[in-house]
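The chains carry the letters A, B, C, D, E, F and G, assigned in the order they are written, with residues numbered from 1 in each.
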Amino acid sequence: MNLNEYLTYVVLPILLLAVLLVAYRFFKGPAIVNRVIALDLLITIGIGIITIYSIQTGQSTFLDDAMILALIAFLGTIAFSYYLEKKKENE
Amino acid sequence: MSDILIMFLCTVGSIVVLIAAIGIARMPDFYLQLSVTIKAATLGIGLLLAAAAVFFADVSISTKVLAIIFFLVLTAPVAGHMIGRAAYLIGTRLWKHSVVDELKGKYNDQTHQLESEEGEKQ
Amino acid sequence: MTDRYLILPIIGHMFTAVLLIFFWRKVNTQRIISVLGSLAVMGLSVGLFIKTYRAGYLTMQAGNWQAPFGITFVADVFSSTMILLTGFTGLAVCVYSTVGISRQRIQYGFFPIFHFLLLGLNGAFLAGDIFNLYVWFEVIIISSFVLMTLGGRKPQVEGGIKYVTLNLLASVMFLTAIAILYGLTGSLNMADLSLKMSAIPNKGLVEITGLLFFIGFGIKSAVFPLYFWLPSSYHTPPSAIAAIFGGLLTKVGIYALIRVYTLIFVPDPFTKQVFLVIASLTLLTGAFGALTKRNMRMMFSYLIVCHIGFLLGGIGMYTRLALAGTVFYLVHDIIVKTNLFLVSGLIYKIRGTMNMDELGGMYEDYPRLSLLFSVVFFSLVGIPPLSGFWPKIYLFRETFTTGAWYLLAAMIIASLVTLYVMAKMWGDVFWKKGQEMENKLTDDFSGMNWKKRGMLITPVVFLAVLSLYIGFFAQRINVLSERIANDLLHPEPYIQAVLGADAVKTPQSE
Amino acid sequence: MKSIILKTASNYLLPLLLLFAVFILFRGHYKPGGGFVGGLIASIAFVLHAFANGLQSTRKLLRYPPGAFIPTGLAISLLSGLAPMFAGKPFMSAEWLSIHIPIIGLLGTPLFFDIGVFFVVIGIALTILFTISETIL
Amino acid sequence: MLTLIWVMLTGELVVVNFAFGFILSYVILWIVGEEDDSKRYFTRVPAIISFIFFFIYEMLKANLHVAYDVITPRFFMKPGIVKYPLDARTNLEITFFTNLISLTPGTLILDVSDDKKVVYIHVMYLEDKDAFIQQIKGGLEKRLLDILR
Amino acid sequence: MELLLLILIGILYATGIFMMLRRSMVKLLIGLILLGNGANMLIFLLGGITRGKPPIIGETDKVLTGVYADPVPQSLILTAIVISFGLQAFAIVLLKRVHALIQTDDLNDLNTPDTSI
Amino acid sequence: MIIAVLSGFFFAIIALLSGKPIRKNMGWIPALLPLTLFIYFFSLLPALASGPLRFKYEWVPSMGVNADMKLDGLSMLFCLLITGIGTGVFLYASYYLKGHQYLNRFFCYLSIFMAAMLGMVLADNLVLLFVFWELTSISSFFLIGFNNEEKISRRNALMALTITGAGGFLLMAGCILIGSASGTYSINSLLASAGNLQQHTLYGWMLLFIFAGAFTKSAQFPFHFWLPGAMVAPTPVSAYLHSATMVKAGIYLLARFTPILGHTAPWNITLMIVGGITMLYSAFHSLQRTDLKEILAYSTIAALGILVFLLGVGTDAALLAAAAFILVHALYKAALFMVAGILDHETGTRHVGLLRGLGKVMWPVATAGLLAALSSAGVPLTYGFIGKDLIYEATLHAPSFAVLLTAVAVLTNIFVLYAGFQAGIRPFAGELPQQYRQLHLPGWRLWIPPLVLALLGVVFGLLPSLTDEALIRQVYTSIGGQGTLPPLKIWHGFNTVLLLSGITLVAGCLLYFLYAPSAAFRPLTDKWQHFSPEAITIKCSRAFLKFSNWYTNLFHSGYLRAYVSIIIIFITCLLGLKLVLDVKVYFDIKTNISGIRLYDAVVFAIILAAIWKSVSTSSRINAVASLSVVGYCICLLFVIYSAPDLAMTQFTIDTLTVVLFVLVLFRLPPFLKINDRKVILRDAVLAALFGAVISIIALEAMNEPTTKEISRFYAENAYVMAKGKNVVNVMLVDFRGFDTLVEITVLTIAALGVYSLMKLRVNSTTKE
């Protein structure tokens, strides 16, 4: 089994399984905060998938996308936190 | 040789990620879910990225990988802190088996000011 | 012929707009810059028109990338005519706006956005690339969104929601059509598309793509049953804004439709039939709507819808003369509709209401203005020999040659209703005795000095003179229209101008 | 949102993100990136700062109102497009200098064009976000 | 520091690049305003490295603990929120400390009090509150403050 | 994969429209965003999709060779994405403005300018 | 000739600008214009004998529309009437409206009208004719509505304009149809192609259109009712437009087209029936009116009916009769109207029952009235007698139904006589009531014109040869009369015609003496009022308005989602129909579809789930979160399918959108909980159909092979020529850099828009 096949048949399925589990949490909730962290983790795993994909294809270009994801994904989480706090304040 | 290293890193990394995923799917309350996810994912992704660095074996890529890891380590805890804080503020419940909550009642309802001592509020 | 100065009417507005943003909040400076800018662009437009009229086709390859690889700008007689009209109406509305638009709105960017709108229009007229056309359309819609809601009054934003939603829907349809076009041909240059589309064997699919464009442009030009955004919103913004909308926005949809349906597609009988039926229904819908409305500008809005039917009908008949009629009507309609809304603005300034039941006495108080307005109204109705009359000759005529009876009937009904509602409005607004004094107290107009009055009236006079010119020197416009129609039906020179002389092979068959 | 942690983190992240934004801008011609993404990242940096420290301090940090970036950027792009016209070429023709600079590569009008895009994007993103967050309706 | 990151990002170890990176960093720092304590990073490189290794070790240990709990069917957790008195005083210190706490599995910072005296930590395995506090105090916080001060 | 994308595009268009038919302004906005995504995917799909070969010329090459992703649809989508961001931002703010004026999210409350004569 | 026409328009402008002098005491000056023109046309009269006079001017030659003019007999008759009676009316009006605030405007309209009328009768081009035709309608609108502050004036003006306008547009269609069928708009050339036109498949339509124009303008049944309404205009207008000239435009049109379209069964029969009904209907109605002007209006309609009727009979005799009767009627009717106007002006009433014995105080007026009435009655030695003679001559020798036609003519003439006497004799006869004793003869400008007209009626009656060869025969030839007919004479000897004249006279006089005008018959007719053309028209127009309202509100209901539904239904139907009709959907899974990988499937599944969530969730913030999942997954797809730039941009923008939403959303209330299952199902089906149509089209497009020469060009030249390695970015800043420039413009505008939308509050008193 060479590297590429190993990645395709072992590593990626593991990651995809992880994605499905996180997605389960996202859709199940129950509260918005659960969804937010699920979303955050989804993106993080996305970084992993992109990394594996870039190894598979030999295109280091995709790592740039991973970098962007890493840098700004948390802004979304911060925004949701902001929303929740403001919403609370407004009540 | 490097292939084996890559495989190793990838396997460990993906398993860590998977554990985090199982964690978030299984953990009974929000805080516990949050606890397991941030770091596990950070570690796992870090390992995967390290695998990429080994694979490309190029200074520019290695530095890039380092940069990504650096960003992750810098941002993930902050994000976790923010959403955790927000969750507490909006009253997300702790797991029923939790043993102690010393934060309870320390937030000023109007201003969200957080006291260090219980008595200072009055 | 390549001409790198071709895009000056675009650059001119862009330059003006950027300059205006630099002078943010300086109201008087903005007024001056804006008028000068409009004047300059009008000059450039006249220059472009003359050059194009002589040369036939001018092209510019942006970035010096040869078509079909770069973005091409093409000026043919049609587009330069549209640019010229935009220049005229733009200047008129600009001058009117200096007084007609409140200080606050100018402080919050009315003028730069106005120039961005004109920029978008000029861009759309010159675009020789279908995606570039899309981008220009986006400029147009976003600036119109902003102008529509500028000031944020309740009816404005309520109408704005509908306007925005349906126009975005139109954009999506337009983009969908482009996607399919690219999927079919791998090209975006309109001249290139013209060649490639005719080579595609799956004609049904080609027609479908055309229909997608029709839907996109149909929403923008407010044809039945895609018109709803127009009567929901056009009466809400200030008159100067409504004027530029009423004059040009729906027409750019028609322009694009004509462009696409002459250059890239050729309507098959099914499509023609669709156009004709929709044109007839548009005429009737607009007419019925105009009959029911008692607010002047709402009525005008429906008249816009109504008169789009003439244009679409001409396209649907798709003969040389019908297209010439359409182009003539387009020329007339742009000038007159713009003026119509300016006039409504003046009336509003004087009386403070648009409701015809509350208006009256204009004839007594402002006899000369009334006369001026009547010129506008008559032109709109198409009282011969004013501008609206001439194109109907060709349009009526071609219904006989193509056998589109229902279109003729719809055109007659629409003309009659237009006559009726305008006469009724004349009776109510001008002839009827002035109502209680309450309205007169708020007469903003009488309190103005001659300079301000001049700024308001001169544009109306200017456009009225233009429409009189169109009416009395119809020969010139007609020659122009026929030439444009001819050009449109024979796109080979266009393609050659864009892609080079050997792009079009001489037809092998026959 | 007053959180010491976020505040501190954002203070360090801001220069980092800005640096990153410029990096993305300049390398756009060779690798993924360019003026848009660069500008967006730069504006995200400021947004983050605003989340943590409040709008006023971000405004103070910027020195100029974000709206000022817009005409500046537009002007840069427009001029970089117009420049070739003076050399007798059509609008937006690329003109390159023969100096090679690492990362950035060749200096040329398309680069300036991209820089203009960068500024416009910063300007609009910040204008939109700041306007919304400071207006209490 | 920024210069270093720039070079890292671009991945080209060329003198010109350093120079450009430096100028750029300078400009950015000028834009974002004064950063008084940015120079001190360089003096502490060895301490930082040893700290990193310590931290990675701690993190792996905790990770395994949590992982075991996650994948086994029953939970052994005793979660709770603990008030932790801070020794760290400056914002930077606090931030570093809290981030590291959060990165360690099983612990999570919820908030810092407004007077910066205490942090509230969510802990997964809270057998003994005081022992936990002592463990952090003696380990992570002390080592961290050694580096930063 | 093209098949899945086709289905996805259909679903994006359909749900986009479905959301536009609801009574809430926010849903309307979500619908528009979904529609925009659908159109982008359509361009992407019809431009031809290619795995793992971005249109970036290698360090040592001067031209793209072999199989590579079509750069045209990418540049078109990029433009479209950015434009729709501008439009969305405006639409969101408009929504906020409307809400501030009439204190509702219900589209049924917006018909004053239409039904008046 | 054209100068003659244009002078009217020039003068109109002058009149408009010289308000004061005209209002003061220079009111007679405008009358010089028609007078000059009258003299001009009169001087051309001899030249006419040697054939029509032509004038050519190219106006819009590319459309075949030229300002060509032709002066033949028919035109000459009308020109002389227009300018001659015009002179009288101008003079009359200058006194009648002396000192009126808007006298100058009045003369402006009047001159426009006169010029338009002249243009119309001179035009030798169908379109030109229509141009002037419409102008007469418009100027008539302004003249009817001259007393604009009265509601009834405005209403009747609008009614007249609408009816004549409707006819006008149909006439336009007719003119253009004829022009396109024959290839020319020149009336002169049409004469040659009369045969072709009558064989044309659309001949019926041509007739329909021409008749529509003529009947509405000449107030034929059932379009007649606007004319009595038009009597709200000042009397000079009634005298000029609504008796002598404008209403005869329809007659002129029919006469003009007689040689072109006439002499066919449909033409003749329609005209006879319509003319006949109009004659009787309006003649009968004139009995019930007590208002002088209304009586005259109905008798005018009757006279117009007679003319239509004569043109319908279409024999040479009938044509000659028509030619003469135009002149006869114009002379006496204008005079009678002016007389009625004088009475109104002096006494302030037009009620026949109130006016008595006024001959004693204003004998010249009485003379004019008497003479005009006699002429209208066809008393021997008046011109009216000759006219009536010719009519009876024509009906008696009609090719079929001669007796019936004659009877109709006689009956009508009796009523016409009655009406003439009511207006011209009754007010002057009898005892002068007390309240009118102090009345004086008004100024000469008021009574000279009717007197001259009435006298002319007698002069021409005594010396019919004055008009015969020079004018009436010319008219006769130009409307297609061919045979030689005996000259006009006072005395034909005793024959049937004379007998009929006698009967008419006697019966008419009996009627006059025995039946005093009253509203006695009104109840009777009021019963039928619901079925009168006017009532039906009003009812129809009300229904039409109601329908318009219903229709407009049906579509334009105010509900955005209704609009969206309609649009989507339209799109789906249109595209679906086309797909079904013309496109063969085929689906070849092997050639076009590449394999589905695991991550494709997972990403796809998550997108679907997220879309579902964003649709079904009842919480806003959940919807936003789901939406960002969709966005991030798409982003991942972009990475997988080789679009790193896209992925970056999509990702950053999605994040910013979330920020935006978050900033806005927290103040909004939660979603409405409206779960009408039926509505949801309906919308879902519609949306699904729409999505399916788009998918099918996309599938079809995917199946088409594509050449990629353009992207190949980019791939090959991005580095070589544009010096960049990221082809997408090179496209963005260089190959397609213009798009990007425009795009940042869009962003700029959006930002400005957001700024102004959030900050600007315009106060509601500003009027813009």
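By our rule, contacts are C-beta pairs under 8 Å (C-beta built on N, C-alpha and C of every residue); 3 or more make two chains touch, one makes a residue touch a chain.
Protein identities per chain, from UniProt: A = Multicomponent Na+:H+ antiporter subunit F; B = Multisubunit sodium/proton antiporter, MrpG subunit; C = Multisubunit sodium/proton antiporter, MrpD subunit; D = Multisubunit sodium/proton antiporter, MrpB subunit (TC 2.A.63.1); E = Multicomponent Na+:H+ antiporter subunit E; F = Multicomponent Na+:H+ antiporter subunit C; G = Multisubunit sodium/proton antiporter, MrpA subunit (TC 2.A.63.1).
Please read all numbers here as calculations on a predicted model, not as lab measurements.
A.B. asks: Could you give the fewest steps needed to travel from chain B to chain G through chains in contact?
C.D. replies: 2
A.B. asks: In terms of CA centroid distance, which chain is the most far removed from chain C?
C.D. replies: E
A.B. asks: Counting only C-alpha atoms to place each centre, which chain is farthest from chain B?
C.D. replies: Farthest from chain B by mean C-alpha position: G.
A.B. asks: Between D-E and C-G, which chain pair is linked by the larger number of C-beta contacts?
C.D. replies: Greater number of contacting C-beta pairs: C-G.
A.B. asks: Would you kindly tell me how far, in whole Å, the mean C-alpha position of chain E lies from that of chain A?
C.D. replies: 22
A.B. asks: Counting in whole Å, what is the centre-to-centre distance of chain B and chain F, each centre being its mean C-alpha position?
C.D. replies: Whole-Å distance between the two chain centres: 32.
A.B. asks: Calculate how many whole Å lie between the centre of chain A and the centre of chain G, each centre taken as the average of the chain's C-alpha atoms.
C.D. replies: The computed centroid separation for chain A versus chain G comes out at 70 Å.
A.B. asks: Between chain F and chain G, what is the gap in Å from one C-alpha centre to the other?
C.D. replies: Going by mean C-alpha positions, chain F sits 49 Å from chain G.
A.B. asks: Among all residues of chain G, which ones touch two or more of the remaining chains?
C.D. replies: Residues 553, 556, 558, 560, 564, 640, 644-645, 648-649, 652-653, 655-656, 659-660, 664-665, 667, 694, 698, 701-702, 706, 708, 710-711, 714, 725-726, 728, 732, 734, 736-740, 743, 745-755, 757-759 of chain G each touch two or more of the other chains.
A.B. asks: Please output the residue numbers of chain A that touch at least 2 other chains, ranges allowed.
C.D. replies: Touching at least two other chains: 19, 36, 53, 61-62, 64-65, 67-68, 71-73, 75, 78-82, 85, 87.
A.B. asks: Among all residues of chain F, which ones touch two or more of the remaining chains?
C.D. replies: 16, 20, 28, 38, 42, 45-46, 51-54, 56, 72, 78-79, 82-83, 86-87, 89-90, 92-97, 99, 107, 110-112, 114
A.B. asks: Once the touch criterion is applied, which pairs of chains come out as touching?
C.D. replies: A-B, A-D, A-F, A-G, B-D, B-E, C-D, C-F, C-G, D-E, D-F, D-G, F-G
A.B. asks: Within the complex, which stretch of chain G touches chain D?
C.D. replies: 644-645, 648-649, 652-653, 655-656, 659-660, 663-664, 667, 722-726, 728-730, 732-734, 737-738, 740-741, 744-745, 747-748, 750-752, 754-755, 758-759
A.B. asks: Which chain D residues qualify as touching chain F in the complex?
C.D. replies: My answer: residues 30-32, 36, 124, 128, 131-132, 137.
A.B. asks: Considering only the defined contacts, which chain D positions touch chain C in the complex?
C.D. replies: 67, 70-71, 74-75, 78, 82, 84-85, 89-94
A.B. asks: Can you check the complex and tell me which residues of chain A touch chain B?
C.D. replies: Answer in residue numbers: 2-3, 6-7, 10-11, 14-15, 17-19, 21-22, 24-25, 31, 33-34, 36-38, 40-41, 44-45, 47-48, 51-52, 54-55, 60, 63-64, 66-67, 70-71, 73-74, 77-78, 80-82, 84-85, 87-89.
A.B. asks: Which bits of chain B are touching chain A when the two form their complex?
C.D. replies: 3, 6-7, 10-11, 13-15, 17-18, 20-22, 24-25, 30, 33-34, 37, 41-42, 44-45, 48-49, 51-52, 55-56, 58, 61, 64-65, 67-68, 71-72, 75-76, 78-80, 82-83, 85-87, 89-90, 92, 112
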